[in-house]
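Below, chain A partners chain B and then partners chain C, in two separate complexes.
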Partner chain A sequence: MLTIWSGLAVGAIYVLVAIGFNIMFVASDTFNFAQPQYLMLGTFVSYTIVVSLGMPLVVALVVGGVMGFAVGVLEDWTAIRPLSGTGVHGELVTTVGWSVIMQGCVLLLWGSAPHRIPGAGSDSVVTLLGGRLSVNDLVLIALAVGLSFGTHYWFTHSKLGIAGLAASEDRQAAMIRGINVNRLSTGACAVAGALLGSLGAVVGPKTFAVFTLGSILVLKAFVALAVGGFGSFKGALIGGFVVGVVEALVGRYLGTEFANLAVFGVLIGVLLLRPQGLFGQRRERVV
Partner chain B sequence: MIASGTSRSWAGVVRRLPRWPVALAAGVLALAAPWLGFGSDVLRQVVLVAILALVISGLNLSWGYAGELALGQVAMYAVGAYVGAVLTMHDIDLALALPASAAAAVVVGVISGAPGIRLGGWGLAMSSFFLVLLVPDAAEIFEPETGGLNGLSGIPQAKLFGTELGETGFYLLVIGCLVVWLAVMRNIVTSRQGGLLRVLRQSGVLAASLGIGVSSAKLKAYALGAIPAGVAGCLFALLDGFIAPDYFGLTLMIAIIAGSVLGGSESVYGCVVGAALLQLGPMQVTAFEKYALVAFGAFLVVGGVFFSGGITGLISRGLRLLSRRRAVAAAGDRRPAVPSEMDPIPGELLEVRALVKDFGGSRAVDDLSLIAPAGQVTGLIGANGSGKTTLLNIISGFYTPTSGIVAIGGSELAGSGPHQRARRGVARTFQTPLIPASSTVAEVVASARLRRHHCGLIATILRLPAYRRIRRADRAASVRALGVLGIAHLADEPASSLALGTRRLVEVARALAAEPAVLLLDEPASGLDEQEVADLAGVIRRLRDAGATVLLVEHNFALMCAVSDRIHVLESGRLIAKGTPEEVQHDPAVIESYLGQLADVAPETGPDALEVAVSGNRADSSPGAGND
Partner chain C sequence: MHDARSLSPVRRLGVLVAATALVAAGCGSAAGRSDSSAESYHILAVLALSGAFQSLGKGTVDALNVSADLVNKSGGVGGRKIELEFVDDQGDPTKAVSILQAKIDERKPDAAIAGSTSNESLAMLPILNRNKIINLGTNSSTQLNDPAKYPYTFRPVDPNENIAKATAQLFVAKGYKKIGIFTPNTASGDSGKAAFTAAVRKAGLTTVTASYGSSDVDVTAPLAQLQTGHPDAVIFLALGDAAPGVVLSSRLKAGMTAVPFYGDQSVTVDVTKLVPPAALPGAYVSTYSTSIKPAGGNPRPLAEFIDAVKARGPIVSTILAYTLAADCLRLLQAGAKAAGSTDADKMKSAIENLPDQPAGTWLTYSRMKFSPQNHFNIGTVPADYGSTPIGHWTDGQFVTAAR
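Moving on, here comes the complex of A and B:
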């Protein structure tokens, strides 16, 4: 049970990043490779605020969110919008570029050494269903569950969320309907950035603030999304937890060198058996 | 053969000049470098550039040309390196170790690409990216052979055919490998195999409708792209006699993507430019420290936004712009080219019996039966959403019907996929023309012959007589098909720059070149001007007279009446009327459902029907307009 709890806690981080991917994916049909870097940035912001400046966690949440928002707007303007609607995978290169830039900036500002961040609930531990886990882990898991249901509800019930769905389905049709797809894309990038930027304060205690965090998370969160189904927030939740638990169990019983291999196996297995993912939708029309 | 003579400005001439002699000269010069007084540190940099260029070149083939985001290059590179190193340590000659490295890389390339068969774009990108993450794990799992995370050292000097290669010998080997591979790659991409890759990149639907097995074509692209990576890996292992898993990481993968983008992904020689830029620029800095990371990222963003075709792309775009002026002038005098005689087309009977197709809860096609005999034009009309395109997609194999039968020439076509249908003789055009980018008109038309007239990869690479024969036949067939439509003079123009009407004609020519048993035309007149519609009507009549089986889906009722022998009217997936144009025009159900007021001005059948409707009420070519 201990292994499962720790798998769920790590999985929760994948869920959070996958939600970020999904917001971009649903609202502007873009895959933002730099998405996990916002979480990485958030961990460093919270390190500075909580550890260096000794301020409360709430401040870290807010400042991280604001920074994530600003960087998100900047990324959309420079790396995503110039290529939107061109139909090629140009954003593959430019969002990777942004990812590298963000990593480089953090390296310049904070250095390459990992920093420890105290968690919410001052690292106290609870026993639940026969396994021990920290309060911070519990918060992470709860956040992953809450946010995935929240974003799902928001995208299916709010006007803006539905506009986003429309824009990614058919950009031009949405434009004709009076949806400002450019602003929507900027908004999505900024919101996803703000969300992950502020979550850095919760994730940091688990992962430490380390500049390579994004590169590790990007692929795992992607696998979570592929397993759950692109564009599905419930899928992101299930997918993230599956990846986290598989990784933890295989790492525990077969050895850590097999953990990635097992995750890769899950990915290939799901893609071959159900290419649209567990909760993804299949588009029938081809011509 | 029709003379191309449209663009004869100097820039056009430069653009058309073969580039391989220049590249070959550069290659020979590089081979001669050890005797030109360059120091060994310079030669080492050249070797590093060449190795990186090989890896990038593989990515260019699978990504730039075939459009597949298969980004596992580093994993293939690593496997090539480890296989080469281990074999050399077991005292195995390079003559064997080098091909073995390439073969191992091909295996990894195909495995990493496998998800791409069911999954395009980012899905493939990430799953192949993920493979890179597995390199250190794999090294650890096979620690006795690979030395684990500490790496593998003490790889002995390379031996080729029993003789030990000195520094100069190794240099020659590396440059030689690059020159040979670039020659191979050049021969692939400039051939019909290259055309196949471009069709694949444009659209899997198009590829399937041309009879290309999409899965096997994709796997071929991944396998080809893996070869240079494997060779490069082997060479890299032998360069310093040491390899470690941390070298083969995400940073290297990003550098390779950057090199591909900067040099131009869709180019043969761009990989050398990209590799040189990276090797002499950011990669000099150890592990991308400090500002290098930021600069490198900015480099990617700026490069990705502004130079989508890379530096080689910029040069050829410049030349094309300069030669465009003449070309436009030439296309402007679109002389009323006299269409050449049409060869007989052996059409076959198309039968659809009791066809039903459900999408979820809604029934798109409901108990539909029709026959389209050879030598006739069978028309299909109906409002948007009445099931016309669904029917075409069932006939061409993109949808599986819920029940019912499609038969050609009396033989049933149950369960076969689109590429098998295409091989059986189903050819089609698309509502939005699917024309691969960066292909000439003649190449687009010839792409219909890829399957029926096969030419092996070896014959292509070595330019054997079989290849030359097929190439000549391709050219002749496409010029003939274009000639039939009166556009043979456009054979050497870039196809994607043509006007919509002309692109539709190119699609018809492509369908013709497939020697079709059944020809499906999906709204060929939409977006055409009056003259073009009239031209199209002439083409369709001549197709019919040549014996083709034509199934025409069209909203332009006047065109439909002018060319069809029998018309079928669909409403909500059901057939509500069929008969000659005359009968259908006066059918009360059709007037009610489809024609609306248009029936009041219902034109006479025959050639002038077209004139009336076209000059009278163009807006009515869309059925909704007729109803209000």
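Moving on, here comes the complex of A and C:
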């Protein structure tokens, strides 16, 4: 059970990043490769607030969220909106560029040394269902589950969420129906940035505040989303946990050198059987 | 048909300007090379100055700059002042190779510091040796020590076997019977695993091994694998600044705090800042004596060197990374002096048969010895190695809490 908890805790981080990917993807049909960097930024903001300034964790959550929101707006205005709707998905390249810029800025501001952030609640370890895990890991897993269902509910039941789905399915039709797709895209980028920026305070105690964090997470979170299905929040949850647990179990019983092999094996297997992912929806157009 | 007489005045002027520029460029280029080779000993350092291993690279830069000043003050390399050129390969072996090739095409260096990690070095060695460039570095994968394949490659570091042997003797003295060996999935990790496994078994102890991904944020699962073998103590290698923190945090979660964990010389950062206090009991380093501050203070050459490095900026890793880099330049100086030349072939032979140097020449070890069969330092003595609990840290050295 120790291995399962370990896999779920790492998987929870993939889930959180995948939720960020999905918010952008569902609301504006954009895949934002810079998304994990907001989490990385959040860990450094959290380090400054909690460790350097000695303020409570809740302040780090708020400040990380505000910074993520502001950077998200800036990214949408400079790297996404100028290219959206052109049909060539140039934002796939510009968001990678934005990701590099964010990483470089954090490196300049905070340096390369990793920093420890005290855990949410405490650094203590508890035994649950026969396996040990830290309290912070438990918080991470609970957050991943709660946020997946929360964002799913919001996108399927709120007016704004449904407007986002409409814009994602057909940008032109949504505009004709009176939806301001530009504002929606900016909002999605800001909200996803704010969410991951604030979560840095919860993820940081596990990963440290280290400027390479975004690069480490981006591929696995992408795989998690591909397994679960792009656009599905339930899929992000299952995909993230599957990737984390497969990694941990293979690392435990076969050796870590086989972990990536197994994760991509699962990805290929899922895509062969269900190209849209476990919970993704196949889009068909009648011509 | 066109001949010179048919050229317009403007075209004639153009031809004249172009021809003059070509001649000037040729002269300038030739003069530049000539001046450079006559006055300076050009060392190209291809290092990870950004990316995950940048603390290694940046420490090396500071150490090389400090050491170059000291070596230049004492006569340089074969009478030539050291001229350092740094280029960033971001810790990426592929980038390292392309940058190195471009730099050699531009201006062949006299010597090279090749890579912060063994993976970078291994990628660059074929080019460096093909071009007969003496190359050194601070990394220590055993694959680098192959004089038949890489005749111009030297490392002032001792072979992994030596520190592994010293650590195995420590384990025997402590009465441990079974040793866990926990390494990252990299060239350095594999090399370390092989060295520690051989040394521990040779000391009459048994081993159990497990490995982890060098960018993993949680290594509880592979530690659980190691735990099933019930080791009495664990030696772990930690590549990357965050790795010691990841290993010791995961140890706490895996419930292995009763098992002593020894980090080897790859633990290069202040671990106390990375893990909660509960993760520290039973955590040690088994490393070079130079990384452990003696109760009576450092020997004078090392103390002066540390002060010189600190004057340039904060020390970002164990002082070992700095002293090894400094010893690279001191080795070039000693090699050129013994050879009476800076010719690569003559220096290679001189380093292979290097005579004992005056005390205090080397910062990392007591002695430096090589042979035609061994291009890693085989002159170390037991006093060059030490162990201490991971407690306080100052100026790149571990200091035990008791002190």
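As a convention for this text, the second predicted complex is superposed on the first by the 285 of 287 C-alpha atoms of A that agree within 3 Å, B and C clash if a C-alpha of one lies under 4 Å from a C-alpha of the other, contacts with A are read in each partner's own complex, and residues count from 1 in each chain.
Everything below uses one rule, namely that a residue touches a chain if its C-beta (ideal position, glycine included) is under 8 Å from a C-beta of that chain, and two chains touch if they have at least 3 such contacts.
What you are looking at is a predicted structure, and each value in this text was computed from that prediction instead of being measured.
Enquirer: Once both complexes are superposed via chain A, do chain B and chain C end up clashing or fitting?
Expert: With chain A aligned, chain B runs into chain C, so clash.
Enquirer: Tell me the contact category for A:L261 with respect to chain B and chain C: first, second, both or neither.
Expert: first
Enquirer: Taking the superposition as given, does A:L107 touch the first partner, chain B, the second, chain C, both, or neither?
Expert: In the superposed model, A:L107 contacts both chain B and chain C.
Enquirer: Look at A:L2 in the shared chain and tell me whether it touches chain B only, chain C only, both, or neither; answer first, second, both or neither.
Expert: Once the two structures are laid over each other on A, A:L2 reaches chain C alone.
Enquirer: Between chain B (first) and chain C (second), which does A:A142 come into contact with in this model arrangement: first, second, both, or neither?
Expert: neither
Enquirer: Looking at A:A173 after the superposition, I want to know if it touches chain B, chain C, both of them or none. Which is it: first, second, both, neither?
Expert: Neither partner.
Enquirer: On the A-aligned overlay, A:L128 touches which partner chain: chain B = first, chain C = second, or both, or neither?
Expert: neither
Enquirer: Using the touch definition from the top, say if A:L53 reaches chain B (first), chain C (second), both or neither.
Expert: Neither chain B nor chain C is touched by A:L53.
Enquirer: Looking at 237-245, 255-263 or 345-353, which bit of chain B clashes with chain C?
Expert: 237-245
Enquirer: Going by the contact definition given at the top, which residues of chain A touch chain B in one complex and chain C in the other?
Expert: On chain A, the residues that contact chain B in one structure and chain C in the other are 107, 257, 259-260.
Enquirer: Taking the touch rule as given, give the residues of chain B at its contact with chain A in the complex, in rising order.
Expert: By the definition above, chain B touches chain A via 69, 114-115, 118-119, 121-123, 125-127, 129-131, 133-134, 137-138, 140-141, 205, 250, 254, 257-258, 261, 290-305, 308, 359, 389, 392-393, 398-399, 430-431, 522.
Enquirer: Looking at the complex, which residues from chain A come into contact with chain B?
Expert: Touch list, chain A to chain B: 31, 78-79, 82-83, 88-94, 96-105, 107-108, 215, 219, 222-223, 226, 230, 257-261, 263-264, 267-268, 271-272, 275, 284, 286-287.
Enquirer: Can you name the residues of chain A that touch chain C in the complex?
Expert: 2-3, 5-7, 9-10, 13, 107, 112-116, 118-119, 123-125, 132-134, 137, 206-208, 210, 212-213, 216, 247-249, 251-253, 255-257, 259-260
Enquirer: List the residues on chain C that touch chain A in their complex, please.
Expert: Those in contact with chain A are residues 50-52, 54-55, 58, 185, 210-213, 215-218, 220-222, 224-225, 241-242, 245-246, 250, 252-255, 269, 273-276, 278, 316.
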